[in-house]
Each structure stands twice: as structure tokens, then as C-alpha cells.
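What follows is chain A paired twice: with chain B in the first complex and chain C in the second.
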Partner chain A sequence: MLIEVLKTIISPVAFAAALRLSCPLIIGSVGGCFNEKISTGNLAYECFMLVGAFFGAYGSFISGSPVIGSLVAVLSGFVLALIYGLLVYHLNCNAMIVSIAYNNAAWALTTLLLVVIWNTRGQFTDPRIVSYSTLDMDFLKKVPFLDTLFNNNILLVYLAYIYAIIGHIIMYMTPFGLRLRGVGSYPMAAQSAGISVRKYRWIGLIIMGCSMGLAGSYMPLSGMSLFSENMTRGRGFLCLTSILVGKGDPLKTTVIALLFGYANAMTLVLSTFNLPTQIVSMLPYVAVLAVLLMVGIRNYKGAKNITGDTI
Partner chain B sequence: MTSGNETIAKPKRFDLTSGIWVEVARYFFSFIGVLLLGALLIYAQGEDPLKAAKLIVAGAFGNRVAIGNSFRWATPCLLTGAAAIVAFKSGVNNLGIEGQMYLGAFIAAVIGYFYKLPAGVHMIVCLVAAGFSGVIWMIIPAVMRLFFRINEYITTMMMNFIATLFCDFFVIWVIIPSLGITTTTAATPNIMKGARLPSLIKGTSASWGFLLGIFCCVFVYILYRYTIQGYELKQVGENLKFALVGGVNVKKTFLSIFVLSGFLGGLAGGVEVTGGYYRYVSGFSYTMGWEGIMIANICKQNPIALIFVSIIWGALKTGAMNMERGTALNRLTVNLLQMIFVILVSIDFEGIFKFFDDRINKKKELDKIIRQTGAQNAN
Partner chain C sequence: MQNEEQHYLEMRNIVKSFGPLIANNNITLKVEKATVHALIGENGAGKSTLMNILSGIYKPDYGEIIIDGKKMHFRNSFDAAKNGIGMVFQEFMLFDDLTVIENIVYAYEKTRYGMFIDKKKNREKVEQICRDYHFNIPLDAKVSEIPVSLLQQVEIVKVLYKGAEIIILDEPTSVLTPQGVQGLFKAIRFLIKNGKTIILITHKLKEVFAIADEITVLRDGKVTGNVKPSEITENELANMMVGREVLLEADKDPVEPGEVILEVKNLTVKDKEGVVRVKNVNFDVHAGEIVGIAGVAGSGQQFLVEALFGLSDAEKGSQILFNGKDITNGTPRDARLMGIGYIPQDRLNAGGNPQGTIWENAIMGYHVAHGFKSKVFLDHKEIDEFSDRVVAQFNVKTQGLNEKLKSLSGGNIQKLIVGRESIQDNKLLIIEDPTRGIDVGAIEFVWEKLLAITREGKGILLVSHELNEVMQLSDRIYVIYNGVLIEAGNYHEKTEQEIGLLMLGGGEDDVWK
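Moving on to the complex of A and B:
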């Protein structure tokens, strides 16, 4: 049985599932990198994603086109980001409190809208929520391994990986990215160089809001055609974790997001073997803690030598 | 009064830029804002706002059972809020209260069911064990922060996920098979009678956990207000360099912040099991741990204010359930309004007042300068 399990773990089907499932995490966290670089202490990723998921479903429902659905989701993320920015940057609210309130309110808001608009509680399934159709590429069909891996995914999955590369290019190869990172690492210096700190904070926030909305729209439009209460189930926090561990670097963040996606795929793949899925889902978190510890060991200065700069 | 006194500047009676008036204005305007928004929200759903408000008040304080239920739902807020106050007052971002709650609840449920102890002792053992499991869960981020400079912001959040999965794993794969029962819900069996907290008001779900919560808040208040240890804890959070120069053992102090916060977080879970659910149910907390962080910040990290805010929070929760029974409204409407209240309260009115005050002052000064220079030019 062990061999069978191992075979399943490294099978192309598992990897393909991982590539698919990590798509919302990648889209969200690459956008979130721009927000993380300007260091505003935003934790509200879960809210943006859940509201994005709802409006993705709603947009597709009323228009019959998944692309419009995604656009509506992006718009919802944009509006939420506007309110967030107004509260935090202009009215000086505590970012953490606003974030937590956002996260808690998102659940209430989406469930209320579910009741008001569709008059159901819990879950809404309807064929009128049109999902993205899968892209079938002929030239991949002849290659056996790559076919299962890359073929027959929806548009957003391919977009996610392009998005990660574009994110890396913008962050590290353009003047805009340089200024953004400058604003994050030392706002005073950026200010004295004539860069408007507030403007860059707004830009970072809005990029994050729109990407999280798009990421949220993946969930109802990836083939299931449904919206359920608390649909994202902590995926926003996974985005946040991968951003924090990747330190706002789009490519590193993508790798961490892939790890989470792979673990997510494992829980699906291994469920046929009657194995404890909780342990499997726990593994990426433990792995991330281990990675953090490995990186942190360099900072160890001996038990006695703890002074102010440690903390 | 002679006219000579007029030269002495009178103190402003209503200084809107600082002091208690800002606080009063903050809560007053937030409350008004929430009432207006709430009325709008309820009206939009086709119900009468006044009727809904009446039902909320009746459901929260209308009779003995209602008051008991309000106290029952205030209990977790009190304990998680106290845990958050300890952490955030000292500059530790403990986002892992949720995870500590889960672990504490799980340990309390296991001890409550599997071990037979004398009635009173059993309860105390359960609660203390729950608290210490929270401490153990918090020690890992503490060590990573103190020795390896890894921000507890990330680690505590990761520990949340691990805690919930860990408890679910034990419940589903170890405890339920070992008992040989078949259930549809992932939950442990009910704990023994001797391990349960006695009820505070007869016939209601309020337990002594409420008193324990108030005791913890008062304890935190006294600790920070009247003891040297508390002063050191606060000092480390507010000004680390000053604390170092003053000879505070920073390492020990930081560790004790983590330990105390973790203990209170674990205790919150323990009280939920011994005084509320009587068993560990997978996913019981929803967002109680996060709510604690929020409440702690609404009341400006003041433990005494926390008691009142928690009671209001519990009352709103039970009132909302009553409203849901009486009208077509969903109880999440109230939840949404609570969050709007949180956001409105956290707006920095003081800063905004100061901003406008400064602008007016600057304008006055500018006018003065222009007038003076104008006068000079005229001369």
C-alpha cells in the first residue's frame, strides 16, 4: 500500500491538481506582494477573496459570461481596497483592526447577500453561473506527461503563472518597482527623493485588491458553478502566509503558494486511501515553520547574547 | 471679578483635540452612525428597524434566560480579549489566540472525559491543563522570536492552522475509533458532570466561566496598574530601549508576555468546553479568537472597559438570535453592524481634529504674518 500511496503522490494527476489548485493562491499572493512591499500590515486577504468569490459568481450569473464575472470580482476588490485605503491612510485607523473587522464582515456580508439575492442559506448552485471552459490544446496531446499536467485547464490557471512572471518583472526590472520597494523599505528616504509615499501605498493596495478579487473569482467559476457560505475557507490566509514567508518576492511567493496547492491536492488524491487528511494538510504549515527556522538559525547569537536588536 | 483677570488665559472647557471628550465623541458618533446604517440595512431587507431593535433588546436582557445567554456569550470575549490585551499592550502580535483556544478546548475535553477525578478538582485540572496547553502552543513562536528573530506575526498564524488540524486529526482518527462509536459530527463525547463548571444563573447557559473571565480582566488590570512586573511588561512594549537602560530583563519579560497571553488563550478554550459545549466540536470557535483581538482594541486595551464591551458583544449575539426568530432578518446583519462599529470606533478622530486644528492655526498665523508684513510695507 505504501508503494501505491507514493506512486499516487508523484503521479502527474497529483501535480496537475496542484497546478490547478494553487492558481487562486498564486494570483492573490503575487498581487499581495505589491501590498506587502509597502508594509501596511494588511491582513484582510480573506475578505477580499471571499467577496471576490461572491461577486464572481454573481457577475457570471447575471451576464452569463465568466469573464464578466471575473471583472465584477475585480471591481469588488477595487471598491473594498478604496474603502480600506480611505480608512487606513486618510482616517488613520489601525490597519490590523480594520483587517480583522473586514475578514469577519466578509463572511456576514456574503452570506447576507446570498440570502437577499438568491434567497438560500448555505449554498447556491445554478447552471446560470457559467464557469470558464477548459482550453484544449492539440499540440500537447502527443506528449504523455505534459498533456495531463498542462492541458485542459481553465484560462485563469495559465494566467496565474504568466501573472507571477509579470509580477517579478514589474517588481524588479522597472522604475516603478524600484520606487515601490523604496517606499516600503524606507519611506522617509523615498519621500526625500521626491516620491509620493501615499501614492505608492495606494497603488500597492489597489493592485492587491484587484488581484485578490480575481483570485476569488476562480473558486465559483472553475467548473463547480456554485457559491457556498465561507467558500474560501482560509485560502486568503494561505495567500498572506505565502507572501510573508516569501517576503514579498513574487517568485518565492509563487513557490510557497505551489507548496500549499500541492498539499491541497494531496488531501484530494489521498482521500481514496483512507489516510488521515488532516496530517497531510498540516504538512505545508510544518514545512514552512521548518523553513523559517532554517533561515532564522543564522540569526542565533547564543542564549546569553540577547539584547535589544534581537527584538 | 475685576477686569484684570481677563488677561489670564481661560482653560478651554471643551478641548476637542484631546482627553475624555474625544473618547465620548468617538463612541457617540460611531453609535449614531451604526444606528443609521443599521436602520438602512434592515429597511433595505424589508423589515421595520424599530421592531428589530426591540427584539434585539428583548432577546438580550428581556428575561432571566436572555441575560444568562448574554453572559454565556460574553465569556469567550472576556478571556480572549484579556489574552489579546496582554499581548498587544506589550507589543507582541499574538494572532494565534484562535489556535490556543482550540488546543485548550481539546485538552479540556480529553481530560474531562477520560480521567475520573473528584468533582471540584476535575474542573480545576481541566482548566489549568487547558491553560498550559495554550502556553505550550505559544512557547514555539516565543522561542522562534527570541532566539531566531522570526516574527511571531507569521508563526502564530501558522500555529492556528496546525492547531485546528491537529485537534481534528485526534478527534476523528484516534478518539472516535477508540470508543467504537459512529457519529456524523467530528466531536468528542460529553465530559463528566464533575468536570463541568457550575451554572451561574439557574436554568440558563451562563456558567461560572463568566466570573472567571471577569476575574482574569481584573487580574490583568491590577497587574498592569499596581505591580512592578506589570510596569516592566508595559515598558517593554512601549519603549524597549528605555526598558533595557532601566535594567529590565528583556528576555524574561518577553517570555512571560507570551506565556501569560497563551495561558489566557488556552483558558478561553477550556472554559468553552467546561462551561459551554461540554465537548470538543470541530470548528466550534468560528472567529472568537479574532474577535478578542478586535474587542481589545475597541476598548483601548483597558481591561475594565473590556468587561463592558464583552457584555455588550454577548448581548448583541443573543439579541441577534432572537431577532432572527422574530423577523425575516438574518442574524449576520447584526454581525455586519458590529464590524462597522469596530471600524468607526478605530477611526482616529483625535488625529483628524488635530489636522484641522493645525490648519486653522496655520492659517491664522499666516494671516497674522501677512497683516504684519502688509503693515510694514504700508509704513
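Moving on to the complex of A and C:
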């Protein structure tokens, strides 16, 4: 039995599932890196993703096209970011409070919309919510291992990895990225160099909002064709964790997101065994703790200077 | 317009006020090309404000700026930089998380395909500047990893990279060691030779005489003098700045040391990377005396002080006794409660809260330790009374107790923090660089205060990069070099040269063991 479990854990199928399940985490957290690097204090990842999921479903439902669904989701993230920026940058609301309000309101809002638009509670399943179809690439068919790993995924999955690379290029190879990192590191210095701090904060925030919206649209449009209450179930927070652990570096963040995706995949592949589901579904969260613990241990020496725990 | 004489840079009749406070009151400044022009004056005299106007950060309420006969209207700092004005700020404007070269090219990157940073071209240009002006800085290191003297060079390379012709240095030497200052002056002379113009703000009169071609003195927002160094003595210049006689010497009497307050035995401290920064240090401080520790920055004094105050961990075997009680690896809070005051080197961020008000900063750290502890709520009458006392006794120039700390001038922040710790009823004061960045009048004042404190029977551990200060004030002198503490005699026992040599590691052989 143990051997079987181990074999399953490292099987190509498990890895393929990990690559797939990481997709929303990667898209969201790569965009979120730009938010993190400018230190907006925006923690409302769960909200952006859940609202994105709803509007992804809705957009696809009314248009019959998953691409349009995703675009509507991106738009919803954009609008949420606009409101957030208005509140925090212009009306000087506390970023933490706005974030908490956002995250709490998201569940209520999407449930309300579910009732108002589709007149149902809990879950709405309908074939009119058209999912992305999987891309079947012939040339991969002949390579057994890679075929399982990479073939037959939806467009968004491939996009996620391209997104990570583009994110890295923008962050570290363009003037824009450099300036943005500077604004986050020491706004006063950026200002003295003639950079508009507020402009860059806005851009970082909007990149995050749109990306999280797009990431949210993966949930309803990846084959299930449904939207359910609290569909994201903490994935927004996984994005945030990936970003924090990856220190806002798109590639490092992607690696962490992959790890969470893998833990998520475990809950799927292990469900075939007779393991207690409660334990299995704890895996992603245990993974979060394990990662935080590892990072914590690595940084432990000298913690006295940083945390000021003696005060 | 009378035009008897054309100057390279002229700031005419500049007026700038912040609310009711007139920081610059009709200031006229004339600077010749390829010279060093020193701008000196008391804390809060308006020097930084004037330079912020020249570099386009503030708009003057009135007055004009003329460069090479052309009238300038700077809309912002970009604009000023385009016209050849480069400013190195009192507080460094560098990004800790970015590398040196990223900091230098920031916002002025050369690009490829109009999209990507052209790392090669940037590097070539920066390296060219470093070669031309003899700067030697590690371009790929993170800013947070390199020493302060190099940060300064980074700032200068940064303004050169932007094509600065007029370079403003706002108190560049206050963070430097003697060698750092020499290095900077060498660079300045080189820049002058290459036709650049330097405006230098400083509080150190010796430096003015060493390098300036011309001096403008400000007091209370007005020009009180415009002289050449050859026409004036150091004392006359000091008087011009402060408006009264100042002594440039501390008035120190011999003291009778009392009982031991602080005893340090075999103190060893390692940094985060496990490198030994303080090696087996032994010394004590008696009541009523000042023990001075001189040393080049980065010799371990920071770690020594942090360990004493409980901010860094001491290694096994170390022992720190305060009034006979073991406080090794205690917490800062314990230290304060027991009566140890601490004035950290980084006044703005470790010593205070820039966003906080004057009164908040005046009671910070003592809200539980002394005076204000018996009540659940803050007693504003008592706080105001105390804050007023700090402000008045230490001559802090402020518009009111509710002003934010960050809007004070650099030297006034210093005075407030030094005042806070000095007025408290502490038995031991640990002080790092008490007079960094403050004007001669205020230095005289702080020195007197410190001597008065010891006369009350308190002990002071003085850690300073300013050798002169250590020599003027300390009853017993130590030098720290490479983490090792070396005895350097009693008050006036050794000469400045002898101690200076010890600071550079030229002392007894045991330093190298």
C-alpha cells in the first residue's frame, strides 16, 4: 500500500495534475508580484479571485465563449482595483481594513449575484457556461512522458507559464520594472529621481487586479462549467503566500505556486486510496505551513534584530 | 538690472516659507564655475531648503535662479537634473533592495528596442565615469551590503551619470570616517579640475578651511556672511554662524570616578553570518566618568553597543554587569527600566519615529520606564511639560509639539533625541556620535550637557567616529579596531596622531592576534 501511494505521488499523472492546478495560482501570483513589489498593502487576493471566478462564469454564460468569460473576469479585477486604489490612495483609507472588507464582502457579493442572476443558491451548473477546450498537440503524442505532462491542457495553463516568463522579463529587464521596484523599496528616493510614485502604485495595483481576475476565471472555465459559492476556497491566499515566500520575484513565486499546485494535486490522486479525506485535503495547507517553517528556519538567526519581540 | 559681474550660478532673493516659518528669507547666493562653495549655518538655518529649491524639489515663493546667464524655471527635480543640477541628499536617496548599478541608472536607463534596459550600455557608461573620476565601487552588490562611505560615492556617481555640472553635497562628511573624508575630498578636487562646480553643506569648519574656495553663511534663513577662507579664522567663522562667541574646546575638569556602574567581561559578539565582530572585550565604566571608544566605522562598535543594550546576542562566556547585576542578553526594555539610556547612531529611524509628533518622540522609550508610568492614560500635561523642557533645554527648533519629527531639520532631530535621553534620570548613558550633523554652537552645548551629566554622578559610554570629540570629553579612552578593544590612555595622555594610528590598526602587536 505504501509503495503504491509513493508510486502515485511521483507518477507523471500527479505531476501533470500539479502543472494544471498551479495555473490559477501562477497567473494570479505573478501579477500579484507587481502589487507586492510596490508595497500597496493590498491583501485582498481572495476577493479578486472569487469575483473573477464569478464573472468568468457569467461572461462565458452570456457570450458562449470562455475567452470572453476570461475577459469579463479581467475587467472585474480591473474595476475592483480601481475602487481599491480610490479608497486607499486617494481617500487615505487603511489598506489592511479595505483588504479585509474586500475579502469578506467577496463571498457575500458572489452569492448574492448567484441568487440575483441565476436564481439559485450554493451552486450553478449549466452547459451554457462554456469551458475552454483542451489543446491536443500531435507532436507531443509520440513522447510518452511529456505527453502526459504537457498535452491536453487548456489555453490558460500554457499561458500561465508564458506569463511567469513575461513577468520576470518585465520585472527585471525593463525600465518599468526597475522603477517599480524602486518605488516599493524607498518611495522618497524614487520621488527624488523624478518618478511619480502614485502612478507606479496604480499600475502595480491594476496588474494585480487584472491577473487575479484572469486567474479566477480558470475555476469555472477549466472543464466543470459551474460556479459555486466560495469556489476559490483559499486559493487567493495561496497566491499571496507564494508571493510573500517568493519575495515578489515572479520566477521564485512561480516555483512556490507549483509546490502548492502539487500539494493540491495530491488531494486528487490520493483520493483513489482509502485514506481519510480530511487528512488528504489538508495537504495544501500543511504545505503552506511547511514552506513558511522552512523559510522561517532559514531566516531564524538574527530574528531578534528584526521582529523586536523583546519590546 | 545691474550686471557688473557675471556669475556661473546665481540664486537671487530667494524666499521660501513653510506656514508661518520663513525658512529662506531673501537669500542671494553666487557661485563661480569650477569652485567649491561652502554653505554653512546652524541647524535649521535653511541650507537644505535652499538647496532643495535649487534642485527643483521645492518651488521658491519668490526669487530667481540664473545659470550661465540664463534664467531657469525648474518645474521638478527631473527638470533641474536635465539642466545639470545634481543633489546628494543629507539622507541618502538609495534603494536598499536594488544593486548599485540599478541605483545609479534608476529613472535614467538606456534602453534597447525602446523597451529593455540595455545593461551593457549602462554599465559601460557607469564604468567610464568610475574610471574618469577614480571611483571604485562594486556595481553588482546590493546597496544594503556596502558601507556608508561607498554609498556616498554611489550617490556622486549617480549625479554624474545624470550629467550634473553643479553638484550639491548636503552634509556629506557627517557619515564618513576620516579616511572617507579624505577620499571624498580627493574626489571633489578631481571634479573641480574637470570643470564641475560643488556646493558643499557642512558643519565642520576644519573641512571648510580644507577645501572651500568661498563660504556663504546662513543664519535664521538669512545670509550673514560671504567670505573667502583666507580672510577669516575658524573662531570668527563660528561666531558668524551662531551670532555669539563659541568655544571650540570642551571645558573639562578632572573627575573623581565613583563606584563601578558597568562591567564588561570577555564580551564576544558575532553577526548574523557568524563572523566575530567583537572579540573578547573587557572594560568598565565608573560613576561620574566618560569612557570614550574611538574607532573607524565598522570596527565593531555597533555590535558592542547593541550587545550592551540587548539588541544583539552576546556569545557564551560573555558577561555584562550593570550595578553588579548580570544583564547579559537582556532586553532593551529591561535596560531602560534599570536606568540605561541609549542614543543610537541612526537617529531618525532607530532613535525616533519620523511619522510621530515631537512629543511622542520626546517620551518614546520612557513611556513606561520613568515619570509617565503610574497612569493608564497618557498624562498630557506632564508630557507637554517634559517635551517643552527637552525642546527648550536642547534648543530644538520646531513649530510646536505636534509637528512631525520628519519635518525637523537634520540637526534638530538629533538634538531632540539627545535631549530626551540626557534629561531622563538614567545612571548610564550609551551614546553613539552625539554631535553628528549638528552645528558648532550646538556641539558646544551638547558637550557641556554631557559633562554636566557626569558631574551628577552618572556614567557615560561615548562611542564616536569623531576622534576629536572622544579626546575632548573622555576620562579614559579606548580604541576599537577589528573588534578588539585597545587601551589608549587617560584624558590627554596620548596625542591625536598616536590614537589615530591605533584606530587604523597600527598599534601594539596584540591587535593582530
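Everything below uses one rule, namely that the second predicted complex is superposed on the first by the 275 of 311 C-alpha atoms of A that agree within 3 Å, B and C clash if a C-alpha of one lies under 4 Å from a C-alpha of the other, contacts with A are read in each partner's own complex, and residues count from 1 in each chain.
To be clear about the criterion, a residue touches a chain if its C-beta (ideal position, glycine included) is under 8 Å from a C-beta of that chain, and two chains touch if they have at least 3 such contacts.
Since the model is a prediction, treat every value here as computed from it, not as a measurement.
**Q** Touch check for A:R181: first (chain B), second (chain C), both, or neither?
**A** In the superposition, A:R181 touches chain C alone.
**Q** With the two structures laid over each other on chain A, which partner does A:L112 touch: chain B (first), chain C (second), both, or neither?
**A** In the superposed model, A:L112 contacts chain B only, not chain C.
**Q** If you stack the two complexes on chain A, which partner ends up touching A:L2: first (chain B), second (chain C), both, or neither?
**A** Neither partner.
**Q** By the touch definition at the top of the document, which applies to A:N94: first (chain B), second (chain C), both, or neither?
**A** first
**Q** Comparing chain C with chain B, which touches more residues belonging to chain A?
**A** Touching more of chain A: B.
**Q** Is A:L240 touching the first partner chain B, the second partner chain C, both, or neither of them?
**A** first
**Q** When the two structures are overlaid on chain A, which partner does A:A189 contact: first (chain B), second (chain C), both, or neither?
**A** A:A189 sits against chain C, while chain B stays out of touch.
**Q** Kindly classify A:V288 by the partners it touches after superposition: chain B alone (first), chain C alone (second), both, or neither?
**A** first
**Q** Under the contact definition given at the top, report the residues of chain A touching chain B in one complex and chain C in the other.
**A** 310-311
**Q** Provide the residue numbers of chain B that touch chain A in the complex, in ascending order.
**A** Answer in residue numbers: 45, 93, 95, 140, 144-151, 153-155, 157-158, 161-162, 165-166, 168-169, 172-173, 240-241, 244, 250-251, 254, 287, 290-291, 293-294, 297-298, 330, 332-333, 335-336, 339-340, 342-343, 346-348, 351-352.
**Q** How about chain A: which of its residues touch chain B in the complex?
**A** Those in contact with chain B are residues 43, 87, 91-94, 96-98, 100-105, 107-109, 111-112, 115-116, 234, 237, 240-241, 244-245, 276, 278-279, 281-282, 285-286, 288-289, 292-293, 295-297, 299-300, 303, 306-308, 310-311.
**Q** Under the stated contact criterion, what part of chain C meets chain A in this complex?
**A** The touching residues are 57, 76-78, 81, 87, 89, 92-98, 102, 105-109, 111, 115-117, 271-272, 274, 310-313, 331-333.
**Q** Taking the complex as given, what residues does chain A use to touch chain C?
**A** Touching chain C: residues 169, 173-175, 178-179, 181-182, 184-186, 188-190, 192-195, 301-302, 304-305, 310-311 of chain A.
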